[in-house]
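Here's the structure, in structure tokens; my notes come after.
To keep things simple, chains are lettered A, B, C and D as they appear, and every chain counts its residues starting from 1.
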């Protein structure tokens, strides 16, 4: 197929082989890991800053404003300026706080989101590691962040923080179920948990189209649940500004606050890319079977662009949620999960299994 | 109820009350000892039915301090103004009406804060605007504060 | 059965209301023509305040450096905050009569509440509002202004 | 901690704790401090601590002439400054038995209603923000800006106008005033539909507000909760209907009232009130009679000795002024019965056993303005 011209597999392999020729295997591995780590760190920082900028611009346009427009053309350096400011700010020492946990918490949050990014395929052959249980891995790792949130709330010695952290704990534990189950619906359809295979199987059509209504429902449920899991939008109870001032990160300042902030946006990016990969075909171009000419044109758009486009669309949707809806209350939040999303999800899996069994999918 | 009948009725309850001249409301100066029993009657009696205390004002008349109450009936649409006064400026004290009209709770705290008039039986007699350790009652005519009050 | 119906009806009603809400923000997102932001220092040239805008108190002077203030001090007594101080002088007219003229009309912008009582009560209409609005200064003393210009005098026919 | 919170110790039961909402808190809209006793997330008690912005306006009024008092009333409830001014003007005019020109009455009524709309718009946007819908904030402010432009063109300032004087107005309305007002009504009739679409019909909003902070009619009357908050509980307490001033007796408008008495009811009452206000303005704006913009008043106003009470319907409820005069040019006592101060009293009663998020919603739905509480 034509998109093979954008295949990164051979490129990666040639680097890999060259390294192993020059260096002993142990050092080759170390060098590889360092390169990948550096690339991801860079990408992480850039994506995080871009997302903060994008959020500010998007919400500004929704609110009839211009948004940041002072630092650089169209304000594109605004987030960099903010980041530098945060770097230089004082790290406030909180009296009677649990110092060790207080300092560790932002790192746990950021590491959790950093680990999840490893398994995501950005284009064909462009991923750090292709687990055969990739989806499972991402779901498992991305929920580790709640430990950091809980620690932050507990160790700050602040009641607002504690309430925020407890809310966050209850919320993430509940919504983890829906995220897992809605992904499970697609796993039933795909028959695999490996990201590369999941994407490969969508070359004939994205799962959201292939899987009929159950896939659409699963997509919607995933969107809602993942928005809740990232503590965003109408589900930002953990930091509920008008109730808890800033929730679990009330007491954090400077770079530690920046870590929480960055992790929030990276989590958004990660769930958006999972949604894009699993439901919308990841880097796979949009194909309509039968229209060969159309398919060829689509193939010439690089897969990376497809991937970014889909992810950006989902991120835009999540921003639309956040800037439109009022916040839920904690009991309503749990009601939504246990009374609506979870039963719907369970029934949805059954229907999907039935469809797969009968071979009704495309 | 008509104003004349209302005046008669109140004079019937508290004969010692003095009717004062006022174009807007029937106004009475009530002896402070009789005030609470009158207030209870105003609230409870079906004919009077004063269920809405719309204003409670502390006043310093110079020699005497006191409180002015404005009542109205949300159903019967008649109003009355009652005054209680005392010459005891050191330690003025009246009965609370916060148990009858909840709106009085904040009003009375304000009067205590700014005029130093205590209300016996008030559930939470603390200063409302100023700090607990504030000296003096700022709305009194004889209050002086050279630091905070700038005379122009 | 009824409860199942209400369960699903609730879901659809809820989703519909959410979509309506999203359509509002979505519509504004795609119509940048409705942006209302004013970019302040850039639009300074175009920015025009309304004629009646109460920016700063001033005493209009004509081309001969003459104003209408008699120094009567009515503005000073009417000012609720003491932001006006009138210091008047007495001069001797050629015919021997003494006449009061304005020495200094001092205006403290820092104390002014823009209630407009001075402008309204001035019997000779000597005061007016200026439309300046950039009042920020680094030194508080700069907010105290003398309204009558140096060397100015009163227009002849004002009494 | 005990000295700071200033509470008797025995009020804390086991598993209860206090949090301080305010004086610096995003949802108290100013420097109000609420000491909230919580059990988990459930509110057990709310104790308001006011006074952080107490300026002693009543004390200041005792040294000011009646013209000067007006500029102080602006600063009480800064969101309905005109209506506060109106109360003082009516009090002085009533005491002196001055008949103000018909034109003044019309203009005052129109401006009062514009002010009411502006106030409710700001309330709407901050209410949306308190519930987490941040976009509402900008929509509300965007529309309010148009009213402020009308004000600025005619009176020269946007928030604290001091436009009314005893006997009339400071100056005549600007020639553009009528056109601009009509444009605004046309514009706002379109935009208020967005308000409904983004917040009123929203399922999350309905869940957050329906059945929250229910205030019965008896409670409303007993606590003296007036204004849209009281009318949402079914208490007919509109001063504009009961004791008409201005030209409210000549216009046709409905007194908004509802019977649900919860946060949603208070919300809808205010939205409906904005529509009614637009109706009033539409009836009056083309019929402003010609004439003077002020009655002839003496430069020094002395009220005859006696006592006066004047009430107007401010955007938040009944604003009463009780004035004792001894015949001098300054009053002996000038008391403001401000609606926010009285409405604050009911907060503890109706927010008990609600969640902390509901406390924020209830507080926002009562529409408290902190300088109005503290004066």
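By our rule, a residue touches a chain if its C-beta (ideal position, glycine included) is under 8 Å from a C-beta of that chain, and two chains touch if they have at least 3 such contacts.
Just so it is clear, the model here is predicted, and its values are computed rather than measured.
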item: Relative to subunit B, chain with the most remote C-alpha centre; value: A
item: Contact-richer chain pair (by C-beta pairs counted) among A-D and A-C; value: A-D
item: Rounded Å distance, subunit A centre to subunit D centre (Cα mean); value: 45
item: Chain centre separation in whole Å, for subunit C relative to subunit A (CA means); value: 51
item: Between subunit D and subunit B, distance of the C-alpha-averaged centres to the nearest whole Å; value: 25
item: Separation of subunit B from subunit C, taking each centre as the mean of its C-alpha atoms, in whole Å; value: 41
item: Where subunit B touches two or more other chains, by residue; value: 152
item: Sites on subunit C at which at least two other chains make contact; value: 18, 21, 24-25, 36
item: Set of subunit A residues in contact with two or more other chains; value: 62-65, 323-325
item: Residues of subunit C defined as touching subunit D within the complex; value: 13-14, 17-18, 20-21, 23-25, 36, 50, 52-54, 78, 80, 113-117, 120-121, 129
item: For the subunit D and subunit A complex, residues of the former touching the latter; value: 17, 19, 25-27, 41, 128-135, 137-139, 142, 198-199, 202, 204-205, 207-208, 355-358, 360
item: Residues on subunit D engaged by subunit C in the complex (per definition of touch); value: 64, 67-68, 70-72, 135, 142, 145, 152-157, 160, 162, 165, 170-171, 174, 194, 197-199, 201-204, 206, 299
item: Footprint of subunit C on subunit A - complex, ascending; value: 58, 61-66, 69, 320-321, 323-325, 340
item: Touch list for subunit A against partner subunit D, complex; value: 59, 62-65, 159-160, 163, 234, 236-237, 240-243, 245, 323-332
